[in-house]
Amino acid sequence: MQTGTKKILEAVRNGSMSVEDALLALKTAPFADVGFAKIDLHREIRRGYPEVIYGQGKTTPQIAAILEATVRNGGGNILITRLSGEAAAEISKTFPIDYHPLSKTAFLGEIPAPDGIGTVLVACAGTSDLPVAEEAARTAEVFGNKVERLYDVGVAGLHRLLSAKEKIMTSSVIVAAAGMEGALPSVIAGLADCPVIALPTSVGYGASFGGLAALLGMLNSCSGGVCVVNIDNGFGAGFLAGMINHMGPRA
Amino acid sequence: MQTGTKKILEAVRNGSMSVEDALLALKTAPFADVGFAKIDLHREIRRGYPEVIYGQGKTTPQIAAILEATVRNGGGNILITRLSGEAAAEISKTFPIDYHPLSKTAFLGEIPAPDGIGTVLVACAGTSDLPVAEEAARTAEVFGNKVERLYDVGVAGLHRLLSAKEKIMTSSVIVAAAGMEGALPSVIAGLADCPVIALPTSVGYGASFGGLAALLGMLNSCSGGVCVVNIDNGFGAGFLAGMINHMGPRA
Amino acid sequence: MQTGTKKILEAVRNGSMSVEDALLALKTAPFADVGFAKIDLHREIRRGYPEVIYGQGKTTPQIAAILEATVRNGGGNILITRLSGEAAAEISKTFPIDYHPLSKTAFLGEIPAPDGIGTVLVACAGTSDLPVAEEAARTAEVFGNKVERLYDVGVAGLHRLLSAKEKIMTSSVIVAAAGMEGALPSVIAGLADCPVIALPTSVGYGASFGGLAALLGMLNSCSGGVCVVNIDNGFGAGFLAGMINHMGPRA
Amino acid sequence: MQTGTKKILEAVRNGSMSVEDALLALKTAPFADVGFAKIDLHREIRRGYPEVIYGQGKTTPQIAAILEATVRNGGGNILITRLSGEAAAEISKTFPIDYHPLSKTAFLGEIPAPDGIGTVLVACAGTSDLPVAEEAARTAEVFGNKVERLYDVGVAGLHRLLSAKEKIMTSSVIVAAAGMEGALPSVIAGLADCPVIALPTSVGYGASFGGLAALLGMLNSCSGGVCVVNIDNGFGAGFLAGMINHMGPRA
Amino acid sequence: MQTGTKKILEAVRNGSMSVEDALLALKTAPFADVGFAKIDLHREIRRGYPEVIYGQGKTTPQIAAILEATVRNGGGNILITRLSGEAAAEISKTFPIDYHPLSKTAFLGEIPAPDGIGTVLVACAGTSDLPVAEEAARTAEVFGNKVERLYDVGVAGLHRLLSAKEKIMTSSVIVAAAGMEGALPSVIAGLADCPVIALPTSVGYGASFGGLAALLGMLNSCSGGVCVVNIDNGFGAGFLAGMINHMGPRA
Amino acid sequence: MQTGTKKILEAVRNGSMSVEDALLALKTAPFADVGFAKIDLHREIRRGYPEVIYGQGKTTPQIAAILEATVRNGGGNILITRLSGEAAAEISKTFPIDYHPLSKTAFLGEIPAPDGIGTVLVACAGTSDLPVAEEAARTAEVFGNKVERLYDVGVAGLHRLLSAKEKIMTSSVIVAAAGMEGALPSVIAGLADCPVIALPTSVGYGASFGGLAALLGMLNSCSGGVCVVNIDNGFGAGFLAGMINHMGPRA
Amino acid sequence: MQTGTKKILEAVRNGSMSVEDALLALKTAPFADVGFAKIDLHREIRRGYPEVIYGQGKTTPQIAAILEATVRNGGGNILITRLSGEAAAEISKTFPIDYHPLSKTAFLGEIPAPDGIGTVLVACAGTSDLPVAEEAARTAEVFGNKVERLYDVGVAGLHRLLSAKEKIMTSSVIVAAAGMEGALPSVIAGLADCPVIALPTSVGYGASFGGLAALLGMLNSCSGGVCVVNIDNGFGAGFLAGMINHMGPRA
Amino acid sequence: MQTGTKKILEAVRNGSMSVEDALLALKTAPFADVGFAKIDLHREIRRGYPEVIYGQGKTTPQIAAILEATVRNGGGNILITRLSGEAAAEISKTFPIDYHPLSKTAFLGEIPAPDGIGTVLVACAGTSDLPVAEEAARTAEVFGNKVERLYDVGVAGLHRLLSAKEKIMTSSVIVAAAGMEGALPSVIAGLADCPVIALPTSVGYGASFGGLAALLGMLNSCSGGVCVVNIDNGFGAGFLAGMINHMGPRA
């Protein structure tokens, strides 16, 4: 199965295939079918990025099987998200994963050296937002970004946020995580000149309705340059931040 | 009908009735029944406050009839809210009301001199929030408060808000009106040391859902000293602000 | 870090700094950064009020660390809310906290003598609303207010509420907690002449939707002088009640 | 078509058919099919009640056609609800209907003398609730009930409601209409000993969400003996009130 | 405390007080205050009905204390709803309650002989609706009604429902419980000539949203004579059914 | 552009291309690009079905342009849905469309003779549901189905529905349209042995929330063989009904 | 009880009863009443289909009792859905059921040989959707359909879906299960020429709101030939797919 | 007022101020206060970008006044969004704006030559989405981006989308607008390697709930690199797309 991918790459090397044709070909390349899942095998090759396994809703044997198939097919760097401590303990018996309990992410392989445009800043409003913020931060890191953290800077204590004004104004792209009223991204975007990815969290109670209040607040942000991802979607925010931080001329 | 109220007041004056007993008696005093409405007639007497007629959902003849009955029973100062321009034009043929089209409020009588603890600050996030903010401001004014306005200070341009920091920190009570993401009250409350009445407006589109996003954001505010009124309820915010601004020892 | 605050206060004492300038300076004063949290350290100094630690969503070690840092920096009175019995047991090994299981609040230090304008009345509709009502009551107490309780006075048995009419009419500010249909604040506000803070609780089942019915009912109250806080936000209601009960001329 | 119904009734008269068998037969009796509608023709015969035409969503010609077919088949008393003034004007050219603009109901025939157990009390919270309350009141009247009205008795002015305590305690069944927070039925049911039909109205703005707040409040009523009908469903409330007011031993 | 009630009743007996005056007096009679609850003590005396303790959200000691206070003050028949098996086991050590695990109701005392107008029919759509339907049925029974049950007659198998047509047409009042799409009350009301109390249950999954679908369906019923209570509110439905089944001329 | 389609069909005719290959080829055939729209041109050829233009949200010139392009490219039969009377009048100046005001559908060409398995039954609950039901019925007709209509058979008058039992039991596929509580499809499916397409309509008021109640009810149907389409989506229901009515062995 | 059914069938065999009359008679045939449930006993006889027991919300003894009554009355093939592993273990002590833990379905009897028009394709978007997809697949199988599975073909990796284009285009009817954004059915329907049953799953987090996002997306599908069932309703989708796959001329 | 900005720029030019210090200074620069609005005056100077006036909710005189003040203070390029045709006609009497009725945007000044990384692709699902898509496209253009349009490529006709595969794969950043089920961004992101800004539109009916279905679908996208803006927020999508397309090393 991997053969097709190698042939494409060799064709690119010897000049018989253009880079763009190769990209198109790889997009439609086959995948490994393990019955309950169809595994893409070439993402890393294409962009130097890790493969990603979304752990939630999968049994530990399923995760292990996907991991095994990916490694067998040549996948080097692999990020597993939403991995419970129990599943991580089980999987680490077979694979030397590096597991972070706070963000519930595991990584297999070697984190690439950061090489993006600048710094990805991950900010969060309160201590309870840390797990989601850390999922975003670690995702950005394993995708080759320099990451800075700015935690517990909710808008109720504006001076804490303002004291980090320089950091905010010099970042390349910002992930702003908040639950409750979710006002942080708006305020940060009013200070920054770069894209701000608003990351609502399910932190809160009562009329937060599991993150709905924060989500709606962020979608209604009056500040320019703000976009929103799903509630608690730290991976999505971190991945997009890394993608934006690697923007540049296309071959 | 008014007779009962007068007797109570005379009893208080000549010392045969305590102030508290009089308050209790007035609370349960009768009212003028005009068929479709039962009109309280003693609010002004009790507190020097105007009577209030809520105009929405009432026909112009109904409003006129209530106004007429109130005046006939001795009501001096009367505030009419949610009054359309057409209704105001019609009513002003009979009563010398002072109508403000922006806030859709009319006032009959003489605005009392401000006598509260300090200043009621009415802030709003954007130009579109002005009608609601003005309803709050005018309500506070006719209830005897000194009012300052601070408009178009949305959190997307934080420097505009921060440039009014002193005003915010020295007010007695603050009404903060905002639509869209409704972050303004949280940020203001983080700067202020006084009660902040969050006033969500229906300004916005899409996922603002008619002010729901602002309302939820304000209810989830992490800042201390914030409370919330109904969407677009400028009267309620202004009335409560005036009540708080008149706090003081009870007889 | 505390040094800055002391210098400011000394400058006020020796007259080289005005009170207002000091307030502004303190607002923007630094904070203690313990990594996962940034701790404000001067609230008590400013207003004689306790520091507050919101316990929900924080691990016991995180709470302990914030507590330790606050005490180390000179914080005397500290209120911890939403603290589970297990966490309280753990923390009380190190700190002599006074823990109330019903309201899930702990207090470290000495409760100040009540000194507000009058009495804060905390009313609730049913027995199941007690935990939230008690969070409000205790918060008001530790912030220096005289508190009276009026429990199980739901509107279904109006005579129970009416039998406390005098208490309602002579309070300085009222917190009215209710779940289910949440009608209590409206009825109380119709009897009272002071601000009423409506506190919806998540008590109920079926179409109460976790407190949404009570919340909406309270937001739509036709009574003047009513404002609303988040569902189950006993702390917010008690804190605001205390703030209003301490209204007075500004220096 | 009517023949079948007559035969059944004659059989009852001459004793060859029991009343209960006749009721069953009438339930499954045929109907007049006018293409776009199938018209029941025997309701009046069964219970002395009027036929009912629900006018909303029907064109004036459709309403006229149903009216014509009903009259042609022997229907004597006919109530039309949700009838616009324009449609009423058009229809009254052909049929001598008695139209009430406030309740948007028309009646053709003779209102039966009231003969139920007692009085149906129709109460409403505010002036804007009148159209819905009147739809309920008139429906109950044309179905043979004595109706009393108690309007503008919202819970914000409790003394207005309490001054009607005797009326509330001696009614046979009560319809309580309210928009906004919808607390009226709960308070009334706490005073009454009879069934209370809660009738939410769409009166309000902002977080009333078209009557949703009132509806939820009423569904969550803690008072015993309360049930709820659809928002603005004055007909349903009045019809059920009349049905309950006519309870009695079955033949 | 009970003294007042006795005096009132003696006054009625010796003719010095009218029945209506007595009813009014009893309504405003005092109550037993056990701190966390205020217990009404005269409901049974007034109507021969049991006192009711709503068990949900109360601790076992709280329930026991209310039970004890009620008995001590002369309450004979007591219904406890929403009582867990554990709490029932604990309480039955002290009080000889009769506990039904399916409906989670306990009864202390003697069920009165049924004496209403006719039969209360309790119907439910599926096996999973039984607990709620039984709460309604048992409530109606302890309040002196003859109750018939008609279970598992959902509209998907219409012949099961139609085979009970006679039972439906001859009942005095009907409680129709259903989850999922909640169509049962509409279909039953189309067959019956008596009031139908629609009782939505939280039975279902997915887009039933905890009973919301059934609730909305029932509120929108096109059948006359239908009213609705809260989701899973078996007590409310059974209590109202009993009240309607006891309608009759007032003294 | 049409050339490719013709070539494919000729290849099928002369046997050089299998039917299945031809189907695949036609699926990926080109389309006519008129700037603001990309028009599929081969649907009729593939299945003998008309092209469809969804009129809502399109300006009359846009509709006319799409119509013109379709005709120019050989499209014979064309159905236009959601076409206002004004737009129809304008378009009929150029194209001989047959317009039905009730269903707001226009048809250009010749309706094919019905040739499906059996009869498509279109039932609706009330007169107000007719426009949506007719959109479904006419769509099914122009797609080559025999259609029977069964209108005003809401579940509140079950005998009207039961009198059509034979029709229901012998249909090939049924579209059941209803607003309000939307119980019709469940009851019909309990009587039928064929697929039932539930079609919620926005008919109703109050808690129907624009068809949401009917939609939820239908999704929660306990009857087997029921599926649901969008609110007011008469076209979708009629199209699917026709597709099911044409099921048969594949070449 | 079974006797009636046999007599009907014998009458059909000897020609004294038409098939259609027999179908009508069977529809209204009696059922077995086991107290808490009324069991239909003739479905298998009518269509060769299994009886179905919906396990959710029923206790293990209830399921066992229904199973026992069905078998005793001659039911041969029985499908139990939503059966927990514990209940399955208990029941398998008495009945030789074949239990699949993934789909939580049990089958008693012999799966009939597939005999429909063609193949039912069950597709799902991700690994987490498997339990729901398998419930659909197994239901279709036990109802006599050839089933093909196409798993983990979410639209984020379109090449995986496109690589199964032939399978999609040659199926008889398709069940497309997806959680999260639920786009799979739309994309599949754009490729297929057969009915597509959209099956939303509760897979997801945050703004998926328990499957609501997928449900709404599917209801709004722009593709023709799509209909929707309840969230996680694998049985309903599989049953309807089988019904459509068995469409054919009626006797 | 402008003076401060000029001084800052001169300081940068002569090297006495670093670029970063200048950026910080400009962020906190003053604004023009026209009473009802506070106008930022330096955005263009900072980034070469136009000033933006959000027209919705503002009166024509308000828009004109803001425009006038901006021009007077040296603003060269100005974009006005959500401008009605009437307001545009009025304003164009004084200012030579270039107005596009479809996107309801007006531009004053000269559109800068495109200079970003690559091409911004604006795709939309249907013809009705054009106004929103065009708002995005024109916003991106006036902010200096090369824009390509790809319209009417909804997922129901996948071949139309796939025929633009190269365009999708070679864009720098993509805006994907869709109403109804909103599946377009997911499918596009599965084909692209660049950030995709999902732009939900309010196009649709029934269960689209004003764009909510599309919004939820997009938030739940399983594809990497997707973020979401508010419903119908074409400006926000276009502005962010331009910002990302101008990513690059920071001075």
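Remarks
Here the chain labels run A, B, C, D, E, F, G and H in written order, and each chain numbers its own residues starting at 1.
Here is the rule we go by: contacts are C-beta pairs under 8 Å (C-beta built on N, C-alpha and C of every residue); 3 or more make two chains touch, one makes a residue touch a chain.
Keep in mind that this is a model prediction, so the values were computed, not measured.
Both chain A and chain E are touched by C, G.
In terms of the stated touch criterion, the partners common to chain B and chain D are C, listed by label.
Looking across F-H, D-E or G-H, the interface that copies B-D in more than half of its residue contact pairs is found at F-H.
The greatest centre-to-centre gap from chain E, using C-alpha centroids, is found for H. Taking each chain's centre as the mean of its C-alpha atoms, chain B lies 44 Å from chain E. The geometric centre of chain E is 60 Å away from that of chain H, both derived from CA atoms. Touching of two or more other chains is recorded for residues 27, 126, 157, 191, 206-208, 212, 215, 219-221, 224, 230-231 of chain E.
All chain pairs that count as touching, in label order, are A-B, A-C, A-G, A-H, B-C, B-D, B-H, C-D, C-E, D-E, D-F, E-F, E-G, F-G, F-H, G-H.
On the side of chain C, the complex with chain A involves touching residues 27-31, 35-38, 40, 56-58, 62, 200, 202, 210-212, 215, 230-233. Touching chain F in their complex are the following residues of chain H: 126-128, 130, 151-153, 157, 159-160, 162-163, 203, 205-208.
Against chain E, the residues of chain D that register as touching in their complex are 20, 23-24, 27, 46-47, 52, 117-118, 165-166, 169-170, 172-173, 191, 193-195, 197, 215, 219-220, 224-231, 236, 239-240, 243-245, 247-250. The part of chain G that touches chain H in the complex is made up of residues 125-126, 154-158, 180-183, 186-187, 189-191, 204, 206-209, 212-214, 216-224.
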